[in-house]
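Scrolling down, you'll hit the structures one after another.
Okay, so chain A shows up in both of these, paired with chain B first and chain C after.
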Partner chain A sequence: MKLILRLVSLAALFATGTRSEAALVDCRPPEAARFVVFLSEPEFTPTAFSKREEMLRFFNRLQEYLDQRRDSEMAGIKAVDFRVARCEKRVPAIDGHDFTNDVVRNLYDRGVVVEIWGTLDAKQQGGNRVSPTAQINYLLVPIKRGIVAGSEKVPGVHRFNYPDAEIVATDFVDLVSNMDLHAFVATAIGVMAFDGEDFALAHEMLCKAGSQLSRTEKRLALKAETKPQSEGIQQLRAFLRDLAGKAIAEARKKPSAAVPTFARLLEPGNPCSAQEAPK
Partner chain B sequence: MTAQEERLTRMELELERLRPSLHDRLEKLEKVADQPAKKGLAGFLAWMGPALPQLITSLVILFVGLKIKDSVDLAIKQQQLQLSYVKEMKEQLVAMAATDAGLDAVERAAVLVAAFGQPAVMPLMNELRYGGNRALGAEAGLRSLAFMSPDAVCQIVPRVVASPARMLGWEGQMVSARVLAAADCAKALPLLREQERLLTEARAGKADSLSPIVNEAPSVTQQKEWLRSLQESIAVLSRTRAPGK
Partner chain C sequence: MAGMHRVALARCFVAVLGTALLCAAENAFAGGRLPCEEARVFSDAAVNVLVLPYRYEAKIRFDERSAGARLAALIQQETLFSMLKYGSVGATELISERGELCDVRDVLSRIIRENTLRAGRGLAMIWGRIYEEESQLYVQSYIRFIRRDEQETIRIDLSAPGNQTLQFIASLPAQAAAMMPRRLTRKDLAEIERRSAETLILRREPRDNAPGKSLQASTSEPLTYGVVGVKGEWMQIRSYVSGETGWVRARIENEGWALRRFLPELAYLDGVIAYLRLRTAPRVPLTNDPKRVYGWMQSAFTNFETAVGKDAVPEATGLAKAMMGLVVWTQPALAAGADARSRGAQLFQEAVERMPASPDARVLAAVTSPLLTQGPKANKESLAKIDQGLLGAVAVDPHSASALENLERLYQFASRNASLAPYGSEELQARLAAIKTAGSQPGTR
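Now for the complex of A and B:
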């Protein structure tokens, strides 16, 4: 049934005129950065944008918004050296089949932490666009890469439909730049920092992400159709918590004078203390 | 007997003494002349007589001339072939470098470049320097070459990897290790083991240990990725130990 619904929605999307052809075109951030987020060009319906130029104007605005971290929640990771790359013409297949092991490894080697892609739709009312909707896919590159112990058991690709119970917006920028995105960016930076043996940053990001994702988990658990996604987020949170504990343990292996404060104050069994959301 | 008669008689005696000898010599010469001519090489040599050295000199000059002409022709033909390879490959290399080319198109172009065999190794190695889709495509092409022309890969790739010119970045070095494993280049094992040693030193904190191989030091995450590929390649080559490569 689910498959039929999916096929019907895909057919409807094609019938109404999806404007971009799926192709994994190369992408570069505006400036070199330690961590990079790939913002891929979205597919869209004619009711969302009548012309590609119109969509590109939105796309530029979104990239600028995310790259400059104007969002209050994104500001939580303001101190981290990351950039949002505007990947025009990069349109991954909607089911993510482009992300083979080789492609994911290549992204990981280039410091790409998250790739976002999806489809935008809206209704028209009196010549105006109303009720914007979006299906957004998130590729968490360090999770999908699967080299940090335990990450191979956690889903590395997440697909959410917006608006939902908590994320509501009248504008596409607000709809896409949401708390899920920020939580996933923090997650991926945390995992990659752990692999890069920057345990202080890893711990900070992993705990921050875990806290943010608890909201996502609860929100998705409210509806039966999003319950499996909620379980995926729950798995992810458990992994992040475990990794935050490992970050403390690893940081403590340094000579005693060099052990950072977080590793002195916190315990691996309860790695995020105040930040940790109640279970 | 007068003096004149005496001289005459002496001359007649002298002639009489010479006569049988002269006669014999003439007979011998006539016999030789009557014998049939010698056949084969001896006959030819006898026939050539003093002109033989000149003939040999001329033949040597002709042979050397033909040989030189053949090698020049061959060199010209090789040059023409190289030029046609360049022309044919150029189209595919341009396709690989196109900014709006999807990964499928880049990989397809790289595999077509690989179909040229040995001349394709260097252009594909060069693509590794650009990272992103171009590096992904180049690896696909080099992997094809590893199956089609392993000898070419085993001959050229280690030279590029070990070059003091440091043509490749860390990513290119990492891909090369995987390609050498795909081509069963057992002779490259010492080279890969040396890289493994340098990387292990870098991981242990010796900051400049990688400077003989790459210009820019990779990050910790990148070092770990590179080391992982190296160790996998070393394991593959240690298992296969293909003789004669």
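Now for the complex of A and C:
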């Protein structure tokens, strides 16, 4: 039934022509930063926003919210220099086919760690928007790029339908700024930092991401329809754990006096210690 | 102009109340409104709440008709009435008369610098942003709390052979929480005001069917009063604006909480106030059964989590679990029949499940983990488990002072007790050396 509703809703979306022409226009963050998250313009149904201007006001608010890290979880990666770019008119195809190797390489070279895009829908009740839903796609650029050994074997694009078992919301901002996004940002920063041989940052972010994703994995495993996604997250976690171990091994290659504390205390075979290992 | 006179009167009232009324009435509470630049608290109250203006992003001046101002007045009112049940509390609404930013850090510095918050007393602050789009309001709240000159820490003593004690120290993962943005319509706000007017009645006598009049804060006339008498759940209050006296019933349960239905973070604030009231009880004794206060705390946090969902703000719900664990740990009588330490350890585990990337939550869970199974004993098994837990905290934050200091305690103890040690002697020395060098690495300790 849910699937039918979604198909009807998407049909309405295309019929009303609110979907912008799929095109990957360029995008820049508010300020230069080591890592960048691209927030692309969402598609929307007429019941979500009656006109594009209305959606853009929401879009501005969302970008500001994410960029200024106004929630505690995003603030948990406060020590990392990253910004959220507002990518108006950049509307990737919903199935992600725009992200060719060249596009992904270009994003990677510019420090883009994650690109978020998707579709917003809602119901109308008494002139107000109620029951917001969102289909959000996450492109994990360093994974999709496949430059770090092993990354080519794990999914680089993840698609989620919100709300779900635990992520509920009164507004679209709550749906987009959620624990999955935070975990994916930490994941991608960790992988890109590893490739840049910043093993301390890589290790920290990979362990953080692994622990956050364990909650996502459990949540998705609760329902039969999201079980395959849960398995994708499990694969990703196994990769992150393995990479965290490699970060320790690489950090240990430094002269002994320069080996950082984390690499002396933690073991490559158990890189995040007490964290629950992916099965 | 009339509004300014009332504000001046309220200011005068606060100054007088701080030195006189609260000293006289142990169970007193009070409410008031002050400009941000003159922020202060009721010195003798065990717990104070400051409601900072919700920054209305489209306006630059204080506008008493704005949604932000109306909402702040309603929050102060709702908070005051929810606090009544705890006793010895005060709530003050701060306003930004000149439209300047009322920064929480500046307010806190002023309160500390001017010594209006006394040692060991608690302070909770709520503030936020409000944004208007079409006819809808978006509200995001932030909550922060402290106890003056006190740390929110616990000490864990594990006994070891030869009358030895292995001691760890762990603290709350945070003393602030960001809530998720909430959406309200202007119609909702009007409905909240209407329902508040219906439920907040100042009665002539302490009974529900006594004649009375609506008692509602407005942006021009804040709830500015003190408690002059108590009868069960009824409080006799006197307005310091109008001089009017009457009875109001303290809100014990959740019925009739118009604003809380729309802003569940007020339930969270209620839980924080309960936490602070329990933690301040050694200095300002409670007038209620502590188990009852703990029950309110549990119920407030549970209501919050039910309203927003388990994963919507895991940092906030994880912190709530840690706060509950900490009060049970420090006041074992609250555990109601269960083993308090084991219950506390369980709550710390629940906290880390919600906030696995928090190093301090991991430290709390790690050092209390022996209490889950075998009691406060330092043996080979418990030391290995604590070691793994603390290393898990280092994994998510290699600069965590709390994780590194507790690891140092563990390895030093293990060096003296080879039979309990998780590593050989040489490895232990290497680990201790690594922790010592951590102090010289950037960003550590």
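Simple rule for what comes next: the second predicted complex is superposed on the first by the 259 of 279 C-alpha atoms of A that agree within 3 Å, B and C clash if a C-alpha of one lies under 4 Å from a C-alpha of the other, contacts with A are read in each partner's own complex, and residues count from 1 in each chain.
In this text, a residue touches a chain if its C-beta (ideal position, glycine included) is under 8 Å from a C-beta of that chain, and two chains touch if they have at least 3 such contacts.
Since this is a predicted model, take the numbers as computed values, not measurements.
A.B. asks: With the two complexes superposed on chain A, say which partner A:200 touches: chain B (first), chain C (second), both, or neither.
C.D. replies: Only chain C is touched by A:200; chain B is not.
A.B. asks: Touch check for A:147: first (chain B), second (chain C), both, or neither?
C.D. replies: After superposition on chain A, A:147 lies in contact with chain B alone.
A.B. asks: Considering only the touch criterion stated at the top, classify A:65 as touching first (chain B), second (chain C), both, or neither.
C.D. replies: In the superposition, A:65 touches chain C alone.
A.B. asks: Which partner, chain B or chain C, touches the larger number of chain A residues?
C.D. replies: Tallying touched residues of chain A, the top partner is C.
A.B. asks: In the overlaid three-chain picture, which partner chain does A:237 touch, first (chain B) or second (chain C), both, or neither?
C.D. replies: Touch status of A:237: no partner.
A.B. asks: Going by the contact rule set out at the top, does A:214 touch chain B (first), chain C (second), both, or neither?
C.D. replies: A:214 sits against chain C, while chain B stays out of touch.
A.B. asks: In the overlaid three-chain picture, which partner chain does A:158 touch, first (chain B) or second (chain C), both, or neither?
C.D. replies: In the superposition, A:158 contacts neither chain B nor chain C.
A.B. asks: Per the contact definition, I'd like the list of chain B residues that touch chain A in the complex.
C.D. replies: 99-105, 131-136, 139, 171, 174, 219-222, 224-225, 228
A.B. asks: Of all residues in chain C, which touch chain A in the complex?
C.D. replies: 129, 131, 133-136, 138, 140, 174, 176-178, 180-183, 185, 308-316, 353, 356-358, 362, 366, 388-389, 391-392, 394-398, 404, 407, 430-431, 434-435, 437-438, 441, 443-444
A.B. asks: Going by the contact rule set out above, which residues of chain A touch chain C in the complex?
C.D. replies: 54, 57-58, 61, 65, 70-73, 75-76, 79, 127-129, 163, 166-171, 173-174, 177-179, 186, 200, 203-204, 207-208, 211-212, 214-215, 219, 244, 260-262, 264-266, 271-275
A.B. asks: Chain B touches which residues of chain A in the complex?
C.D. replies: 23-28, 34, 89, 98, 102-103, 105-106, 108-111, 147, 192, 195-198
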